[in-house]
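Below you'll find a set of structures to go through.
Two complexes follow with chain A in common, the first pairing it with chain B and the second with chain C.
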Partner chain A sequence: MLQVVSACSNDPYPSDDQTRKVLYRAFPEAPKTLDPAVAYTTSAHAITGNIYEGLLEYDYVARPYQLVPALATGVPEAVSAPDGTIRYHFELRPGVRYADDACFELSESESSKSESSHSEIPDSPGSTPTTRSVTTRDLEFSFQRLADPAVASPIAQNFAKIRGFRQFSANLEQRRERDASFAARPPHEQYALVGGIEGVHLLNELELDLVLDAPYPQLLYWLAMPFTAPVPWEAVAYYDGEEGRPHFRDHPVGTGPFVLTRYNKQALMVLEQNPRWREWPQPAPGHIAPLGPRAGSRLPFIERVEYRREKEAIPAFGKFLQGYYDGSAIIEESFDRVIQEDQLSSDMAERGMRLEKSVEPGIYYLGFNMDDPVVGAPAGERGRKLRQAMSLVIDIDELSRLFLNGRGVPANSPVPPGLFGYDPEYRNPYREVDVERAKQLLIEAGYPGGIDAETGRPLKLGFDTPDTTSTAQLRSQFHIDAWRSIGIDVELRATTYNQFQEKMRNGAFQLFRWGWIADYPDPENFLFLLESSNGRTRSGGPNTANFSNAEYDALFAEMKDRPNDERRGELIREMQSILERERPWIELYHPEDYSLVSPWLENVKPFGMSYPMLKYYDIDPDERARLRAEWNQPIVWPAYALAGLSVLIVVPGIFTFFRERV
Partner chain B sequence: MWAYVVRRLLYGFITVLGVLFLLFLLFFTVANPEDIARKAVGEKASPEVYAQWLENHGYDRPLFVNPEYPTSSLARYTDTLLASHYHDMLTFDFGRSDADDTPISARLREGALPSLLLTFPVFLGGLLFSIALSLLIALFRDTYIDRMAVVLCVAAMSIATLLYIIFGQFLIGKVLRWFPISGFSGDPAVVWRFLALPVMIGILASLGPDIRFYRTIFLEEAHRDYVRTARAKGCGEGSLMANHILRNAMLPILTRVVTTIPFLFVGSLLSENFFGIPGLGALTVEAINGNDFSTLRTMVYIGALLFIGAQILTDVTYTIADPRVRLG
Partner chain C sequence: MVWLSNGAVVVVLALASLAGIAVRRNPLWHDAMRRLARRRPITLMALSVFGLIALLDSVCWVGGETGPGSGDAVAAYEARSLLDRWFEPESFRERSYSAPFAAEEFYGAAPLEHPGEHWLGTDVLGRDVFFLTLKGFRVALLIGGFTSLIVIPIALAFGIAAGYFGGRVDDAVFFLISTLASIPSLLLLIALIMVLGRGTTQVCIALGITSWVSLARLVRAETFRLRELDYVEAARALGVSEFQIILRHILPNLAHLVVITFVLLFSSMVLAETILAYLGVGVDGSWGQMIDRAKDEFSRDPVVWWNLSAASAALFALLLSVNLLGDALRDVLDPRTLREL
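Our next item is the complex of A and B:
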């Protein structure tokens, strides 16, 4: 044992990688799918976002978030036509190729038979093709896949304003039901036979127009996510999960800066540089301090990214502290040791660790069921005053101190910082703690001291949460105690997530706690959470509070498709004032992410949304090797001490035994 | 004996049918298929997408009776979720994971080896250490070593496995830096470095209850007449322990060992999760957290089969260990 221990080290990686630019990251949850049309989780986007590229992306450093061209040559302006349609014109960068992949051999063998619909010519005639150029047909194919009901894209409804999108979907479904031989064909052939989506108008190999039936400026944000990234039809046809081939959802083929070279969801996922990826313009020098000197260099800087499965946060954080992961979130158990007075502890600072703070585009809130006869709209002015009173006693600063380690920006409205419409000066009068006013409002509502003046009975409300853990129960108790301070008796109903969902669907709740993280940085993506057509019990939509207010709906309808101009700001302010008065939500906080970055990792800027950031990251492998060696010298003496102790215990025992028994 | 085995197999079959039915009830009546879809597709998808997912995965069919067929038709009962659930399980057609559509049989194949690499050394090491130490303690019975061992065993039994894991990772991985805190490698040359810590912790965590158990058995045997006779005939204490007491204590040891062996394949839920070992235990935990009905039912089904198989195997091994035992 002593020999084994003296030869040991805690380094989990091969020594050859010490001097290479390999980024190590932990992943707690495996992606369910890497099909860009379907993948919708952070864990999946961490991979798809670096393998696929859309027409647009976000500026890595600009805040508020700003769209910039990716595969497109520019960010298009919406052009209105006299018939009411909206047109976006896109031009693809020339010479963009897919990463090398075996599926492109199919392109050659099938190019003759599918020439009418897909007439790509192999890029290297005479030899087996391993890639080909991206054309607008690939984008068309991606939009068709989004519309395909069999693909079941979770965001398909967001593209419904593209002319003919729903029609294409319906035609495809009908044809499949009618004709089994049609349904057996590969998807690209089916799409070609059904006819394209009318609003995806190909002008030539590099230009296309998207035609919308109605304004929908948020479409551009969706184009900056991997959902509409060009996908080669060959990959979808070839990777069908048959005859030992993987399924397309497990074998991505894109145009991005990285390719997936290993995909073991249970243990290890490896991304490596895509040699086909082109030069990429850098942000302006000085735009982000560490990137300045490298402006103009070829991206990506890192050679390989290794995602290693760590289902539990404690061992992952331990390995980060040893230098075996290059970045980490801060676990609850170590927060006080790492962060002191909202800064890195001296120990962490001495190790050269950096703290990156960023407010995520999201919100957590307590909601009222506005359909409920006691707390909701049917209770009229009584209900409104009750909601206002309950809002006035929730102390977000105390909540943040007790449960969030001080992280989180107090929320006054649904719109989070960093988005158009967020006003840092705005203070919601019902989000400032005022117990006396809350008591007064309760009296006005007919519940003096929490007793219903009409019946003489105490007011008793139910508070539903989908979390039965002790921490969650403590947090819920914090709210319950606050309401009890003005005499309102609230019963906690902590259930499983499934039961909670069931209650939400059926409207069988009064109060609940919930949250929302944005898909794209637009106030519409928050304010629609209170629009009546999205009511949970009515339509299964995300308006879980079932808030229904005609004035709010009208303002939302005008606001949602407007550019970020003064009028839009006014509309948002008016909507905020309705929410302020009506109180369907008690806004809690916008989540704030604290992440730690190792000293050797450079060019890191937290983003808050799914984004292909890895291409900007850089690593100093020599510094990493030096610090790892310094931090991880094995301590061997306890092994010798243990051996000595064992001898000390056993030897007298043996003597005793022989003296007494033998 | 064969009649006994066949009878036990039949009882086992009925038990498995019951287990499968309970599992079905739990998943489809307490929860509902839409919850599985929601977890798989994501919270923000539209109802149409959930419906499509249910259709793609065959969960859109009725649970027990299909009203689309006439009352006299057998298909009324066979074209249902319950019937296909039984059919799939009994024909070992495990299908695809509800979470990510991976073929479950492939997952089982991939996960069995990492699980065995962890559980087998823990089992074997635990068995050897605990039997050897219990024999030693029984040898030193009524001395301070015995008393100290009992106290230590009770203390060790009182500590939760999770604590062993967290403390072991902290002490050996983080403070002493002997082995990686967690991780796994498919490379046979280096995999031992990742397994050393979980195996050490696994053995250590099993020692408390095992030593107590085996010590009790050995002490019980040590007071029997044949031991006194052997001692009177001049048999040495060491030889007595190894040749007489150990051999006669085989029956309870076998019971414990044989019922454990089949479960080595299903892995260790906690250790695999904390040490990042991609085995079947970790897969089960993931299936529970991810509402992955198809994977979970496979794991429960395999668990039930192994349990029944192990019990029959234990009974059969009794007859080998003790010729006086007859199965009938």
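Our next item is the complex of A and C:
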């Protein structure tokens, strides 16, 4: 019995994987699509970001975030032409190849017919190629796919400043409607027939220019995401979801450090090293130098990544604690057990777990409807003082303590840490708690003690939130209690997210709570939320507060397309001081992400934005095997107890049986 | 709102005294109630206490002083009930969680403003849990009582019509009953609340619409039996109008069914609201909502148990008393069980 019990192990993985560098991850829900032009969720980027590679990427360690070249040879400067156009010149690294894939074999004969200009370099003469080099044509194809209305990329409008981008979409759509035989051709042939995008200008196989109609420096950030990564037209044509072939969205083919070798959405996703990855010299030493002695050695370190499906958070966290997953977010339920006084609990520290904190580039805020006659701009000085007073009583430290487990950086302005223009020294005078001053401001605003002279009762305002769960209501109640303390009677109107958005569109609200997570790390992506042409009720834009200030708009126009120089910092400071005074928002906090890392996982640095860096990770498998064995000592006594119990039950039965027989 | 709440108190008190008088006049009912009081004295006492708490929380008016050092400048302009005035929740609160009778905060161990005075601790916003639990009695009684008042007339009308007239009327009513009975009631409830909107009245109406079916079936079956009895036949032969027969001979004989179902419905309605609150569509201030909020606290470590326990215990106490009462009522009112005693 003892032998049976001790021979059992709860290890869910094959034993010969114990000594290999296999990274284990949990996923709750498979991404809907792995098409790099479409995938726009964190869970999808965790996969596509490792399979595809764009022209640029972010530096793994540098903060504020810094762009470095990936497939390109350098980060280009914008060159403006006399006709007002902007030109970016990219040079592709030579010898970049796609991961091996069947689609290259099968389309070889075709390609030699139609694409004679392609430089096919077979690996060894005589064999069918299973890969091919990346050329600027592949990049062009990716841009064309982004513009293709049938691909339905969620970020297509961000590329609209590329010359001819919209025109290409329109031409393509028209031609498809008119001509059914055209629509039946594979996409790359369609694109070639329509004539390409004017602003994506191929100079030769390795050089390309992007021509923009107007300045848009944020374009480079988009190029660091998987959206514009080179995609082989063979794969898109071949993987069409017919005749047993998977659809392209389920079968990615890219140039990145990993290849998706198994894709079972219900259970398991496996990424394996791509042997074709980066056959050019490694990134300059020092690039990952802060991570230890591995600088300059060949990436990636881990052989394989296994994503296993865990529908529920608690069991997944349990397996992490047993050592069967190598990292985990901290689930709400166990937060107080894992984190004590903002540090790892002694139990966790003893196990050697590491806590990685990173501030996400995002902000949560309470907003005022600036079109409202009571709290908004029409109320003039009265409204401004009212907003200032209401801002002065929201205690962010208390909110963070009660509801965020301390995970949040108090926000003084819309710009979050890690971005250009964030000033850690800056303190917004209206984001401190000062009840006396708030009461004084209310008197000046004409609401002494919160009493509205018209009704003789406390001023009544409405507060809209997009969440009806009871925990969210408690959080709203926290704000309401704060406002009640200065005599303002705020009524909560919690609705579903759709109803909430409807109200925001119609402008039928006074106060609201919302948040914003950046797409790319530029202050423009936050400050544009208060620019008047983006007004929600006027234009459906993201300026939900309907803030409209001519001075702010002028500063914003000058700031948005400037490089990160001193003048830009100055402009941002001026904009902050307008927001400080006008108070269209009560800034709450920048969300902070805490994650746990197992002791054997190395080179981990959290990134904030969805940008997977698996190629830098390293694992110590021996240490892992040792700790797994230590953490998973079988508990044997319940088995003995059960056995004892069954004996106690059975023995009297046997006695009775024999007695009856006799 | 003030007048609605106070008006409801007057109506409830008036109905109670009317019922009391009616019971006193009728020797059969009088006898039954006497036996009930003898069988379940503690249950009756507990229920009266619950009712009293709900009444105290219903009588309200604007004005008067709020608690000393109140952190709430709006409360003085709102209608506050006797219960509110007694507890003064505006000042009788802490900053966050504290355990029952604790002298310091649960997390961080800062000293409390009212050490040892929170019998059931405080919630995440520092509100007294004992007070919130007491407030829940009014909501629970309102849901149970109001819904039953909606259900009983509908069920009686349909049940008697179907049972007494039979034929086409019965077909029509039974079609309606089977249709409603074949829709999963929880889904129907949620759909109705989505249509009607959130709020106490809306939830009660939705609960009423979905739960009259079983009582209607009972009433229909009983009416079938009653209309064949000799005295009903005799009344019909004498030419008494249908309406008079229903009023004089059918309805009084259904009274015990109504009373028992009222009590049982009451508890199932309170329970149904708890489930609705768990799904996020409950009534503000109900125990269901408290439990819903507390479900995350229970998985905290160290565990915050007093919110969930207080609401569950109160719910349990009310439902147990109501069910015991229902049981006893059936024993007392049903002639068949009577004979055995």
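In the analysis below, the second predicted complex is superposed on the first by the 603 of 662 C-alpha atoms of A that agree within 3 Å, B and C clash if a C-alpha of one lies under 4 Å from a C-alpha of the other, contacts with A are read in each partner's own complex, and residues count from 1 in each chain.
The rule is simple: a contact is a pair of C-beta atoms (placed from the backbone, for glycine too) under 8 Å apart; a residue touches a chain by one contact, two chains touch by 3 or more.
What you are looking at is a predicted structure, and each value in this text was computed from that prediction instead of being measured.
Steric overlap between chain B and chain C is absent once the structures are superposed on chain A; the two fit side by side. When the two structures are aligned on the shared chain, A:458 is found in touch with chain C, with no touch to chain B. When the shared chain is aligned, no partner comes close enough to touch A:87: not chain B, not chain C. Of the two partner chains placed by superposition, only chain B is touched by A:267; chain C is not. Once the two complexes are laid over each other on the shared chain, residue contacts for A:312 go to chain B alone; chain C is not touched.
Contact with chain B, but none with chain C, is seen for A:519 once the two complexes are overlaid on the shared chain.
Residue by residue along chain A, chain B and chain C are tallied for touches, and B comes out ahead.
Rounded to the nearest 10, the angle at the Cα centre of chain A between the centres of chain B and chain C is 40 degrees. In the superposed model, A:245 lies in contact with neither chain B nor chain C. With both structures placed on the common chain, the touch criterion links A:154 to chain B but leaves chain C unconnected. After overlaying the two complexes on the shared chain, residue contacts for A:562 are found with neither chain B nor chain C. Remark: least CA distance from chain B to chain C after fitting both complexes onto chain A is 8 Å. If you check the complex, the residues on chain A that touch chain B are 4-5, 8-12, 14, 30-33, 40-41, 149-150, 152-157, 247, 249-250, 264-267, 308-312, 314-316, 318-319, 321-322, 324, 497-498, 501-502, 519, 540, 542, 632-636, 638-639, 649-650, 653, 656-657, 660-662. By the touch rule above, chain A contacts chain C in their complex via residues 332-337, 398, 401-403, 449-450, 457-458, 468-471, 474, 477-478, 481, 484-489.
Of all the residues in chain B, the ones that touch chain A in their complex are 31-32, 35, 38, 40-42, 44-49, 52-53, 56, 99-102, 110-111, 139-140, 143-145, 148, 166, 169-170, 173-186, 190, 193-194, 196, 237, 273-276, 278, 282-283, 285-286, 291. Considering their complex, residues 71-75, 77, 95-96, 107-108, 123-125, 277, 280-281, 289, 292-293, 296, 299-302 of chain C touch chain A.
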